[in-house]
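Several structures are given next for inspection.
Paired with chain B in one complex and with chain C in the other, chain A is shared by the two complexes that follow.
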Partner chain A sequence: MSGPVRHREDRRGIALQAGAILILLLLQFVLPDYHHTNVARILVLATFAAGYNLLLGYTGLLSLGHAMFFAAGLYGAGLSAQHLGLPMPAAFLAGVLAGLTFSILVGLVALRTTGVAFMIVTLMLAQACFLIILYFNDFTRGDEGFVLSAEMRRGTIFGFGYDLSDPNVRYGLALLLFAVASTGCYRLVRSPVGRVLVAIRENEARTAMLGYRTFLYKLFALGLSGTISASAGAAYGLLFSYVGATFASIQYSILPLLWVLLGGAGTILGPLLGALLMFYIVEFASEQTSSYMLVVGAALLLLVMFFPKGILGTLRDRYWRWLP
Partner chain B sequence: MDFFPHLLLALMEGVVGACVLALTALGLSLVFGVMRVVNVAHGEFYMLGAVLAWAFASLVPGLPAIGFLLALVGSPIVVGAVAVAADRLVLRRLDYAPEATIVATIGLLYIIQQSVLALYGPNANAVVAPIDFRILLPWFGYSGYKLVVVAASIAVLVGAWYVTMKTRIGIVMRATQYDRETAQNFGIPVDRVYSMIFALGAMTAAIAGVLIVPIQQAHYLMGLDPLLLSFIVVIVGGLGSLRGTVVAAFVIGIGKGIVAVFFSPNLASIIATVLVALVLVFWPNGLFGKVSR
Partner chain C sequence: MTLLTAHGLTRRFGGIHAVENVDFALGEGEIRAIIGPNGAGKTTFVGMICGRIEPSEGRIEFAGADITGLGPWDRVAAGIAYTFQITSIFRNLSCFENVALGVQRSRSHRGGRWWPKRAEIADGVAASLATVGLAERAEQTAGSLAYGHQRLLEIAIGLALAPRLLILDEPTQGLSDREIESFCALMKRLSAETTILLIEHNMPVVMALADRITVMDNGRILAEGTADAVRNNPRVREAYLGT
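Now for the complex of A and B:
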């Protein structure tokens, strides 16, 4: 691709990214309370999806166990706040570090496999994590989970007081997290390293033949993907004050897959769009019936059969070639 | 109780669990072996078998033996029909692409599970065992029905072995597994073989579900554990190797039974799950599998 075209495409992509974040920033002043909290949650979940998308959409690795990374962040932050009494910013960092270490370890083992075996290994490891959380019930409170107290969620940082139970603070921090994660992903996929990841997605053998050490690139992608997912988990636990084993269950490995497939794998804003739509679809369905997970199954099936590129992926194919 | 009776109980429970597990895993292994499809919805066929067994048995209240036989025939047929529909409507249209079929079968998992929740409800229901007979050992009494489970499982396993190794259908199946395109060139209707295999795989899971339901109640979420255990068994036994699957089911089923009785069921699952992930990483063909071509 020639220089000027590349440059113009980048400008449009950056404008779209900035526009999306600006809209989200302004949205908080007009949303009613109920949707205000929902969108804050969605932003954190979209960060989780953005981490997942880095692996599925840009590196071509389909993980069925990302709940373990989300849970690593959730429990890394939640347990260190609850049992070690760390203040919120330190607890958040503890969650991110837990996710980083854990995802590198998982990567060293799981990336020795490819294709279907990789999917099953990640599924199994995630299930082992879920069972381990239940096993150490005294410490984690298992299925029931634990709630972080209001005092714990207040404090000061650099002389400024904060209170995570304030909805505006929560929204602001959730948006900050999402903006950093998705802009970071955007920068990464436009960088030479990101190009190598896409090359691995398209044809790993060929990329290896060109002299790239694909294992290291995949390890980097999995490590970053796991760390972003863990930062979402840590933020989710601290912002919404609940830590429980549900978030480590298989359902939370499937949901990011669904969000990314719906929004469009390999698009920067797809994870947000997918998480937003699916959150409200599931919410609506759960008001109608107790078997609301039916829509999750139906959505997965319909997407994979008729709409494999998702919303933004299809729009990119048909109209906007420049869409990041 | 002393150590020996305790161990005996653990072994007996382990054997019963292993038989049911071997049946369930056999279906998964068959489908993977021939079609190269990892069926994540396999546990739901087991669950569907169990729930339908309850439905069939409640058609003839007061006659547990007849109700059970009706379930043993009816459930697998209904489940097989569901599987054929899933193969025709979904898997075939995806051309059996590995990653797409996994995502699609995850979708099927939720669709089957949640439809059962909507139609059958969140309750757990038991089916009365067809025979009411207790074996009295010096230390404890043991349900005679569990021996029926063992016998029936072995009968189905032997039947599956006979069909695959000694019949014309078995030759067609193995030819399709060995080389799909050549089989097609020799006039084997590969599409129909695939539908049949997928149905047979689902039906063995359904039979396992019917057999278990007098011991364990039918519930819409009961499919997850057998699914994960079947994955473990199929992977350890070597993907697609039926003999390996059966051996692994017995080793894992009995081992899990012993750890569960002496330590905790949860610990047994953790150990099994981590071990299988490591097996898959370091011995990709399983401990008993042949190197794939």
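Now for the complex of A and C:
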């Protein structure tokens, strides 16, 4: 009978998810300062990767332009704080809304294509966004970017004072963002909607013949993926006080792809694991040599050779079939 | 009562007339077989009925409503399910997940909920799998099933859609004699609840199951009638049976 088996799998999945968040919660009390800040950054980047994973891992759409969504959040939040003087929570929401609107618009255009054409269209749109940011240099400060003042990053919400330059506040908020995003993704992929997304990944034509309007589901997936990525971008700008065009460059479209492939596309904790490992591989390699990208390249080569489905994807195939 | 009618249905691929000016009517509760040599236009014809292929000309009515302009998703909602000629299950998903996709579709938007409850999905899946005899294999990955079982899973997915019309494209292809026997028994049971339209090459299956037979050749309907009438039709003998 399938009922009990499925419940057991669910319980394990939920336990793993809760366990991972609990560990991250406790980790902040033992981490040295330097790593404390790193992990806070990684949690925001892992949120970006979780958004990316929803599209690549669960819906089977490979985007080469996710930097535009990250940047939509980053600039949506950063510019509205800088130029409109919005307080931090409102600026964050502005970033998320910018990402939502933008990703739906992009979806309406880009989802008319599939496969390689989809990759090229997203790549092209992201490059256009990058160039637009540079073009409106007066407003965005282009490549150089701008820093949000310490003044701006303080305030009160519901009577509580906050200060985003406090490392503990930053860590807490980064963890909250990641926990909400990844738990949300977990719930989604276990829901009937998630089942349809996975079906689209596996065989879109067949899914349409089962009575699903696949375009709308893909638009939903892209919209949510873009919005989660934008929320990571908004958080990144506000928590770490810097907004610059680098985050809209091609590099930030490729990075989430690498994190997700390393950790395991289509696994819930893969994005976190991938972002964490890649961050520290780069960190370690750049201490040893100036050509640290060589080490990253070698790591990716090994990954493709021995873990083609990423670390958690391979573990799921070999040992833990229940892994969400 | 007539469930499905096609008027002047035509499909051209470039200069080729795959289906040409076909008029067709199917009664509710019937088991109808479409036979004909390869390239006769059978798959194109049912493809137009289920919405996979757009007709060049003509009109299709289902349960009294014109469905010619509807997408495949709306036709599924109207009650038409199609199972593929080439097994087209979701190979990397479990049998449960495969069938659940059909169950949650046919039971969505019921009782004020967007989606059925999990328990309801599980019950629906169990029922569909039990009907085709795959209940024990719910958690098995679909791609690892034996070929005959994959065909049965394909049918279970179709059944999960709770269709009024189930279209099967060469369902017995590649099955063993014993599997064909149980397939025929299954179809007879199903025909109590749903209308069945099948494309089939295996003549004993057609003779055993079909109430009426439609013979296609060169994109047109050559003959239509009971098994005996078709068998004795001289034009059919000439075109199809080769004698």
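Following the convention adopted for this analysis, the second predicted complex is superposed on the first by the 311 of 324 C-alpha atoms of A that agree within 3 Å, B and C clash if a C-alpha of one lies under 4 Å from a C-alpha of the other, contacts with A are read in each partner's own complex, and residues count from 1 in each chain.
As a working rule, contacts are C-beta pairs under 8 Å (C-beta built on N, C-alpha and C of every residue); 3 or more make two chains touch, one makes a residue touch a chain.
Here the structure is a predicted model, which means the values were calculated and not measured.
Once the two complexes are laid over each other on the shared chain, residue contacts for A:L315 go to neither chain B nor chain C.
More residues of chain A lie in touch with B than with the remaining chain of the pair chain B and chain C.
Once chain A of one complex is fitted onto chain A of the other, the partner contacts of A:I120 are limited to chain B, with no touch recorded for chain C. In the superposition on chain A, A:L16 makes contact with neither chain B nor chain C. In the superposition on chain A, A:I250 contacts chain B only, with no contact to chain C. In the superposition on chain A, contact is made by A:T207 with chain C only, not with chain B. Within the superposed three-chain model, A:L31 lies out of touch with both chain B and chain C [touch as defined at top]. Judged by the touch definition given at the top, the superposed model places A:L294 against chain B, while chain C stays out of reach.
Of the residues of chain A, not a single one touches chain B in one of the two structures and chain C in the other. Listed in rising order, the residues of chain C touching chain A in the complex are 50-52, 71-73, 75-77, 82, 84, 88-93, 96-97, 100-102, 104-106, 108, 115-116, 121-122, 125-126, 138-139, 157, 161. Touching chain C in their complex are the following residues of chain A: 1-3, 5-6, 191-193, 195-196, 198-199, 202-203, 205-213. Every residue of chain A that touches chain B in the complex is listed here, in rising order: 62, 64, 109-110, 112-113, 115-117, 119-121, 123-125, 127-128, 131-132, 134-135, 250, 254, 257, 261, 289-294, 296-305, 308.
Across the complex, chain B meets chain A through its residues 38, 90, 93-94, 98-100, 102-104, 106-115, 117-118, 122, 224, 228, 231-232, 235, 264, 266-267, 269-270, 273-274, 276-278, 280-282, 284.
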